[in-house]
Amino acid sequence: MKSEIKIPKKIESKEFVLVCGLPGAAYIGKLSVDYLIQQLNAELVGEVYSKYFPPYVLIRRDGLVELLRNELHLHRDEAAVDIMFFSGNSQAFSPEGQYEIADTLLGWAVDNGVKKVFSLAAYVTGRTFNTPRVYGTATSSEALEELKKKGVVPLDEGIISGENGLIMGLAKKRGVEAVCLLGETMGYQTPAGQYFIDAKASKSVLTMLTSILNLKVDMEPLEKQAKEMDDIIARMAEVERRIKEEMSESAKKPSYVT
Amino acid sequence: MKSEIKIPKKIESKEFVLVCGLPGAAYIGKLSVDYLIQQLNAELVGEVYSKYFPPYVLIRRDGLVELLRNELHLHRDEAAVDIMFFSGNSQAFSPEGQYEIADTLLGWAVDNGVKKVFSLAAYVTGRTFNTPRVYGTATSSEALEELKKKGVVPLDEGIISGENGLIMGLAKKRGVEAVCLLGETMGYQTPAGQYFIDAKASKSVLTMLTSILNLKVDMEPLEKQAKEMDDIIARMAEVERRIKEEMSESAKKPSYVT
Amino acid sequence: MKSEIKIPKKIESKEFVLVCGLPGAAYIGKLSVDYLIQQLNAELVGEVYSKYFPPYVLIRRDGLVELLRNELHLHRDEAAVDIMFFSGNSQAFSPEGQYEIADTLLGWAVDNGVKKVFSLAAYVTGRTFNTPRVYGTATSSEALEELKKKGVVPLDEGIISGENGLIMGLAKKRGVEAVCLLGETMGYQTPAGQYFIDAKASKSVLTMLTSILNLKVDMEPLEKQAKEMDDIIARMAEVERRIKEEMSESAKKPSYVT
Amino acid sequence: MKSEIKIPKKIESKEFVLVCGLPGAAYIGKLSVDYLIQQLNAELVGEVYSKYFPPYVLIRRDGLVELLRNELHLHRDEAAVDIMFFSGNSQAFSPEGQYEIADTLLGWAVDNGVKKVFSLAAYVTGRTFNTPRVYGTATSSEALEELKKKGVVPLDEGIISGENGLIMGLAKKRGVEAVCLLGETMGYQTPAGQYFIDAKASKSVLTMLTSILNLKVDMEPLEKQAKEMDDIIARMAEVERRIKEEMSESAKKPSYVT
């Protein structure tokens, strides 16, 4: 079972940019991309499946079952560039899996004429602040200069871990220009270590991204969507806590029966 | 060494449904499927081997050695649909392995004209109850509605972990209709974390499944089979406990000798 | 880098039996096979390399470096069957690796006309005894009956973990007859968890094996060889302890430098 | 995504020797090779990418993003042999990955006519000393004898772990002569387990290597470079500490959101 991108029907698209936001610290990338998909009513055009996702299936509120997957949604724009959104309910489970999925995605994007990649992520500073700043990094000095002109604070030294970071590095390796916008966040967590969604940081990131891409998006419903997502995460965290308990129990029970 | 399905001889079968029950919480899926195989005297027609199983071999009561494996048993029915049972003494060891084996099985089933997939599992509620209910999820609203009419309680939100769950998600991805029946169980465990077999929950699941599939099966010997399986699990748990002790010791000893 | 068997030159051999003894509990299999190779002056005819071995190289007493590997030594016998010995300084590191190497070996053996497989291992009983018994398991009732006639005690229920066990199960799957001889051992260990070599149990296993294979081997030097191997293991255990300390330290240090 | 060596343009080179120094204990190999690359102004001619590196990207001081990678730098020498340096900011993450990358490198080197391999590493003795000695091991007695004549102390028994060691063993397997020079070091570490760079040990190793290769290199700036590298490591260690905290937190948070 290879990591694969399933495109149900031929995509008719001009050149497009790829905007990526998988779940990560404070859910900034995920909330931002999910929000844009909803507000722009972007069309689901592709699905990414992989054996590298965690070995669960989800049961949705309507009772139907769903494999973990990443998704591609396309926003067609008559006046400007088309936008392909890369989102999903999980990152890969293992380091090799994170490389595989990010590279499978980029291979597909390059084959289909991607123009530029945007990755959205969190920058956990642990500081308090009024308006979260937007930090940035890029694959070229030119791209970084453009970000600076827009008011993005350039990062210097550090690491971006996980697929949101690997997508940047792999884009550079493939010769595709890419920038990463990171919303400054305190990174508040529950005592159990679960991140709160940082809607304010997402708003900063979205304001910057929509300005760069010349998108008009109503920011009003963002807080509401963040609130709903928080509720879902809380419920899912409870379910996952129970599953993890079961899994650690299962490590103790025999794994076979004759 | 690839995960592989070995079919010793050509199977002459009409359309069939696939009924899956690997070992998991409270052994509900495994007991149910093993019981049907025995009661229906289903024929062993295939074996599934994989490097993703745990690195042990079993020694049977007759002294002969056996690789861990999953099995396919066929029940031929003149009047109704044929039934292929998927069972075994172990799930895969790693997350990637669980995806690989479930997907290898489904690929084979699709190639051979599978009509519908049934996965049997446990729903650990931790509540007490008199008669265990049967919960369900499905790959389509139509299939879920049919379950509801039969009295199955639809799940809403949650996770099914392991191969019994992945089989559902992978079936959906391949366009095969699938339903999962989950027997409600307290999930009693020994102090060492070993599940007791829940024969009552298995009986609820079996009653529902045989009603859906129009099978006539005597439920009388189920309790007895559960009791026997409990004895085997207890003996195997003791053996495995010793093996695990050895393995943790072996982590301390040198892994090589010049 | 695939697991591979390197045969430097064409082997001229009649039908042969394969005798396997990798390092495991009490080093019974390893000591037995190493001893036979030495006493019979068997010729090194092949090497097994794999990325699944632990990521070390060994430095020998003569100062030269050596990759971890398994080896094939051939004993040619004019009057009786030829014997191929499978030995080495390590088992594979991961479960998948253990399957891969055992299966690579068996695939090669089948292609080259192997007649029967003997696996030598330990049976840790934790009991005290005067003369260690030899336990056994097999892939067929006929083979097990033959063992019983020789005085081997048949195992009933249990597990053989690691490659010494997997070789048995994989032989059965490939239709090759195989038997496993397990020397009864207390499984004495140092406080640090390191096994002592059990030369008495090895002697019991060797006496049985040479009787089955009609080999004449002087048992006198076995104790001496066991003593020497014990010294080496003690030295290597000290080196490995230091390496493991370093490795757990290295988990704490940064894995990269810009 | 396979481990791959990317050579941007055709290398015009005579026979070359390969000099390897990845990050490891006390950073002796890495500092030595990085220093030679800088002092000899060797040209970057190739890059090694792999899914087996840790799943991070680095952000450089200039704000640009970089995938973890290994590098090949070529020093062309009119009078003597050309030298290819193998260096990088990380070793592979998993044991299999360490084998894969070392073997990919050696396969490429053999295809391109490598004459001899030098691996530079640390030998942690835990003893104090005035001038660190240089220890050595080799793939052949002849090569080891040559080292001894130069004053290298031959190792007897032991292990070299990680890619710096595997490169030696894999070279031997491929029939390429290789020697390893190990700088004696106390292996000082911070309370957090981070190695200090041992510039004195690097100097001993470099003095030996340049003597063997007939290279003229000014040792003066070595201390300064070691000091700079120490600062970088300290900063990166702090960043990595934070990342690791995040990662262990992330093990507690749900890995998906519906």
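Chains: A, B, C and D, in written order; residue numbering restarts at 1 for each.
Assume a contact is a pair of C-beta atoms (placed from the backbone, for glycine too) under 8 Å apart; a residue touches a chain by one contact, two chains touch by 3 or more.
Predicted, not measured: the structure shown is a model, and the values here were computed from it.
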Is the contact between copies chain C and chain D built from the same residues on both sides or from different ones, judged by whether over half of the numbers are shared? different
Using mean CA coordinates as chain centres, what's the chain B-chain D distance in Å? 49
Please work out the Cα centroid separation of chain B and chain C, and write it as a whole number of Å. 35
Check: chain C positions touching at least 2 other chains come out as 54, 56, 58, 60-61, 68, 93, 157, 236, 240, 258
Considering only which chains touch which, label the overall pattern as line, ring, star, complete or other. ring
Give the pairs of chains that touch; include all such pairs. A-B, A-D, B-C, C-D
Which residues of chain A touch chain D in the complex? 23, 25, 27, 30, 54, 56, 58, 60-61, 68, 89-91, 93, 95-96, 98-100, 103-104, 124, 136-141, 144, 154-163, 165-166, 168-170, 172-173, 178, 180, 187, 189, 192-195, 229, 232-233, 236-237, 240
Show me the residue ranges of chain B that touch chain C in the complex, using the header's touch definition. 1, 49, 51-68, 93-94, 97, 235-236, 239-240, 242-243, 246-247, 249-258
